[in-house]
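The first chain written gets the first letter, and so on, giving A, B, C and D; residue counts start at 1 in each chain.
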Amino acid sequence: MSSLGFFLIAIFTLAAGLAAATMPKLIHAALCFALTFVGVAAFYFLLGAEFVGLVQVFVYVGAVAVLIVFTILLTPRDAEKDRSFKWSGAWIALVVFGGLLWAILKTPRLGTAAPVISALSVRQIGKILMTDYVWPLQCVGVLLTAALIGALVLVMEEKR
Amino acid sequence: MSNWIAAHLWLIPVVPLAASFAILSLTNSRRSLAASLAVCGQVVAFVLSLAAFWPTLQTPGYRAFHNFTWFTFGEQALRLGFVLDPLAAVMLIMITLVSLCIFVFSVGYMAADEHFTRFFAYLSFFSAAMLGVVIANSLLLLFICWELVGLASYLLIGFWIHKPSAAAAAKKAFITTRIGDLGFFLGMLWLYGRSGTLLFYDGGNGALEQTALLSLGASATFIALLIFCGAVGKSGQFPLHVWLPDAMEGPTPVSALIHAATMVAAGVFLVARVYPLFSLGALHGVTASLTVVVWIGVITALISALIALAQPDIKRILAYSTVSQLGLMMVSLGVGGVAAGIMHLLAHGFFKALLFLGSGSVIHACHDEQDIRHMGGLRRVMPVTFVTYAIGMMALSGVPLFFSGAWTKEEILHATSLWSPSRVPYWLMLIGVVLTALYMTRQMIYVFFGPRRTAAEHAHESPPVMTLPLIMLAFCAIVFSVVLTPAWPWLHDYLSGERPILNFGLFIQQALYLALVLVALGVGLGILIYRRASEIDPVERALPPVFHFLRNRMWLDELYDRTVLALARFAAQLSDFLDRYLWDGIVRFLGALAQLFASLTKGFDEGGINARVDDTADAARGFGQLISRVQSGQVQVYLSVIALGMVALLIFYAWLT
Amino acid sequence: MTPTLQLFLIISAALFCIGLLAALSRRHAIFILIGIEMMLAAAGLNFIAFWRFGPQPAPPTGVMITIFAIAIAAAEAAVGLALVIAVYRHYRTTNVDQIDQLKG
Amino acid sequence: MLSGLAGVPVWVGQIASSLINIIALLVVFLSLFALVSVLERKILARIQNRLGPNRVGPFGLLQPVADGIKMLIKEDIVPARADKVVHFLAPILIAATAILALGIIPYGRNMTPFTIDGGILFFFAIGSTTELSVFMAGWGSNNKFSILGAMRAIAQMVSYELPLLITVLPIVMVVGSLTPDAIVAAQGNYSLGILPHWFVFTPWGAVAFILFFVSGLVESNRTPFDVPEGESEIVAGHMTEYSGFKYAIFFMGEYLGMFAVSGLAVTLFLGGWHAPVRILEVVPSYVWFFLKLSVLIFVFIWVRGTLPRTRVDQVMNFAWKFMLPMAFACILAAAVWHYAGHHLIGWLYSLVVVVVVYLMLSRFIGTGKKFAPRTYRFAE
């Protein structure tokens, strides 16, 4: 657990997140969004859960970012005009952050260092997925199919 | 045969009733059919009465009663019945015979009237009701028929509806009799309350039989007196006699039938029928109720006799004479001479009917002129009427030997003389007899003797259909005395249930001489006073104030008018006042109060509650709008609300720990 | 300053709030989806952090949950974007303030 | 390799080793890129019965240097209203991802630059970012053709990513691990000394290899499926607005992508750095790896030379209606093979499964759309 790496990744992710939130241009925001998730994946790597990191990259950067970009493509009208930035949202976010911070700082026993663990191998995850979490896996499978079909239906051109 | 008629006694009243309904259904034009129906009904009733009379002859003290239940309510049963005993039998015969004569007479008398059929319907209805009263074995059935009789009398008195005086007279008759009937009704109720049954004779436990009588005890006198009120009303005794003279408004046969023979006799019959009640606990024949009966009878007799002296109208004189004779009968009943009273009733029925019909034919002849001062000298013009009228007059005034009236009066006087409490009634009765003779001679002189005054100029004898009944009645008046003479007192013994024994020795009695003297005195006085009869009554010339006092019927009507009617009027006005101002006022006041209260609540409700409710409603809507603003439809607003909510939770959590 | 659980939590809280910021402060509908994805990722990060810093021989439930969370987030993103496109096609706008037909 | 140096803080060591790896990787593959670009043009020429570049250097071998210099000298034009940042980043990202993908392939016995537990997954994760970069290229140049090209490319790549993954699945299932080294190790031994246990020789392995190879072609937008930059239709697809060095980098990215895919194909199906025969084991492992790699690249070029360009909808149909079901069939076959024992009978059974599915698919997928008779319409 290299603290240097941690800080670099932290800074990178938060910066990318802020950029995603505040970029005037939509496409830039979307790309920063992708970067944020690469950052988060890096965090996962840092925390020793490579598989999750990879899945994160795979899903978010590979699929969601592309989807978002496509959506931006398909809604050309006011992509440019979107300059305004509502400060009320900012204040609320800040307040929430303050609240969370307060909650985190108040709870004791959080300062412990990271215990040494063996890296979580994909084989372990595979075994657990197939034994303890078989049922949720199937559910997620069904969910994904449903979402897929739903999205298609929503977007299909109504053939009048 | 004998118990058949006893069992079917109800046929006697029903036949005339059926006849009357049949006649009612006929139209005015069917006059001969109506008349024949009525007469046949009466003939059948007469024959049945004879049949009923026959068994009572066989056994003295005969009594056959048949009771039936009218209707049952709960386990109580109301039973009625009819009885056949000497009293009823005799009355049946008298009523049917007299009615028959009157029916035949009225066929001629009413020939000119256009409501001929209706008249006969009422007549047969009346006779049916009268027969019902006579044979009733239950006080209730008697009371029912009693009321029907009253109704019939009202209809008949008020027959000539177009005459306002007739209508008023009918109303007056009906109301005064009803006052009497009220007492009768109360007595009946009281009797029923005490004895539990209204049947007279019910095989031992009837009202008039020993067991029930004993149970009555002290209340018997009061019950008797109350029932006597009914008799007073119906027979026109002292306080309630005012209606009878006015009842003369009706056609003469009506007066003859109702106010001579039958209806007025009902009162006397009632007292005779219910006599055991009166005589309960009699100390040698005298009880409080009987003394009351005596005094009422005496007063009535005297007063009506005096008034009769001053009456100009031929029928009113006869009316007052009837009242006086009824008073006499009441006295005889009161003193204990029940049989004598009934005998006089029967005899009176015949000769009074005769006198009325006679006056009817006189009026008919004088073209409906009723004032005797306009008549006179009819002796030669109407010989039959004159002769029959003379026989009736002599019977009434009690000329001895040949005429029935004398014998019965003599019996009554004899009974009165034996009355222990006081002799005064006896003396007064003697004066009554004299007065009767006096006013009858006055009438004879005015009508038949002296010069032919205005109305009598072109009078002429009545047709045979009218004179025939007169003759028949005159014949009865004379022949009837046969059964009355002390020598062979058949009727007296028949009524009192003994076996008559023929004894010529008793034929001439000491009292007979007394009667002869009295009558002679009366007639003599009459001739002396009224010899030079003229428009102005001699008595009037002699004693004008007394005469006017008598002429106006002792101002009794006006007295009543001022007292009773005034009281009634005052009561009416009082109740009207109360109703109009007091109760109405209260109600209106309450209404106003309610209105006031209503407006108050409205005000309170409107201003107070509604306003507040509206305010809350507005507040709710305002709050609702406030809340709805949160639902702005913008996703970001929702998200920020969630965030703030979370923060609030955190703060709350912080505040908790 | 070795990375402690607290730091991780702070980082994920920060990321969460940035997601919230994105969702709240921008007009375009896409940003809401971006915001949501970030928040979900932050939550996932929390799970893994707790798994990592928790008592060690713990079964990797945190990991499992994160994996499933990612899967579900992907599905959600797909549907969300489809919705955005459908809304755009219908209302010709993606400006969130104008899409308020569900106004109360 | 250099972990032995002591007395140095751990992270310095790590960085040093990773740096060495990266440099080695770059040198090898960039030189390979240069070589292949020339070779490709020479082979294409030979296919088209012409000589190809032979002027620059002996047998034209210095042609890439000449191209490089040309690219550098050429003016780098950026469209006026283009999205500068995105325009600039696109080529970099493509190249970067390609190189990253190369990082996990085992080139020789313990010569894998980065051993990541989920190596294969890493490869595909990185692979999926190429779509994003292609889109950035298309969008950045603010040109209808480039956007259209980008859309087509992305659509194509997304559809073929699925078969790519699923064909890899049987191998991972059989081997039981996602790390390339384990997979290569699994293909280590030989039966009878002459028949290597490469997965390609198993029935499902062969089919999987073919499918993998085709998807690989599509992923790198190579000829039969180079619709995105179909010259005749939309100029150069998402690379239209690029010129000069950026265009070169695009090219480089494309070639590196090709190397990565074929490298993976080698490790998965052709036994990585194992010699074809036991006795040839003495030859250094990486030699075998690069030999196999060059064979595959030759096939790439060969295919590019011979096959005509396919229509976009045909590509899509082919992917969803044929490739995907066949991939699933491979998994089934692999399962059958695995449980029915590795020797002949299991082999036959899985062959039967694959053949049956193939026949069924070919029967039912018949496009059914008869091509309308060709009509000619002469210009009036």
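Going forward, a residue touches a chain if its C-beta (ideal position, glycine included) is under 8 Å from a C-beta of that chain, and two chains touch if they have at least 3 such contacts.
Because the structure is predicted, anything quoted here is derived from the model rather than measured.
Of the two chain pairs examined here, B-C and A-B, it is B-C that is joined by more C-beta pairs in contact. Distances between chain centres, each the mean of the C-alpha atoms, put B farthest from chain D.
Chain centroids computed from C-alpha atoms place C closest to the centre of all protein C-alpha atoms shown. The mean-CA centres of chain B and chain C are about 117 angstrom from one another, to the nearest whole unit. Mean C-alpha position of chain C lies 33 Å from that of chain D.
Centroids built from CA atoms put chain B at 123 Å from chain A. Here the CA centre of chain A is 6 Å from the CA centre of chain C. Counting partner chains per residue, chain A has residues 51, 55, 63, 70, 86, 88-89, 92-93, 96, 100 touching two or more of them.
In chain C, the residues that reach two or more other chains under the touch definition are 20, 23-24, 35. Checking each pair of chains for touch leaves A-B, A-C, A-D, B-C.
Note for the complex: chain C touches chain A at residues 1-11, 13-31, 33-35, 37-38, 41, 44-45, 48-49, 51-53, 56, 59-60, 63-64, 66-68, 70-79, 81-86, 88, 92-95. On the chain B side of its complex with chain C, the touching residues are 627-636, 639-640, 643. By the touch criterion given at the top, residues 636, 640, 643-644, 646-647, 650-651, 653-654 of chain B touch chain A in their complex. Every residue of chain C that touches chain B in the complex is listed here, in rising order: 20, 23-24, 32, 35, 96-97, 99-104. Only residues 11, 83, 85-86, 89, 116-118, 121-122, 124-126, 128-129, 131-132, 135-136, 139, 147, 151, 154, 158, 161, 176-178 of chain D touch chain A when the two sit together in their complex.
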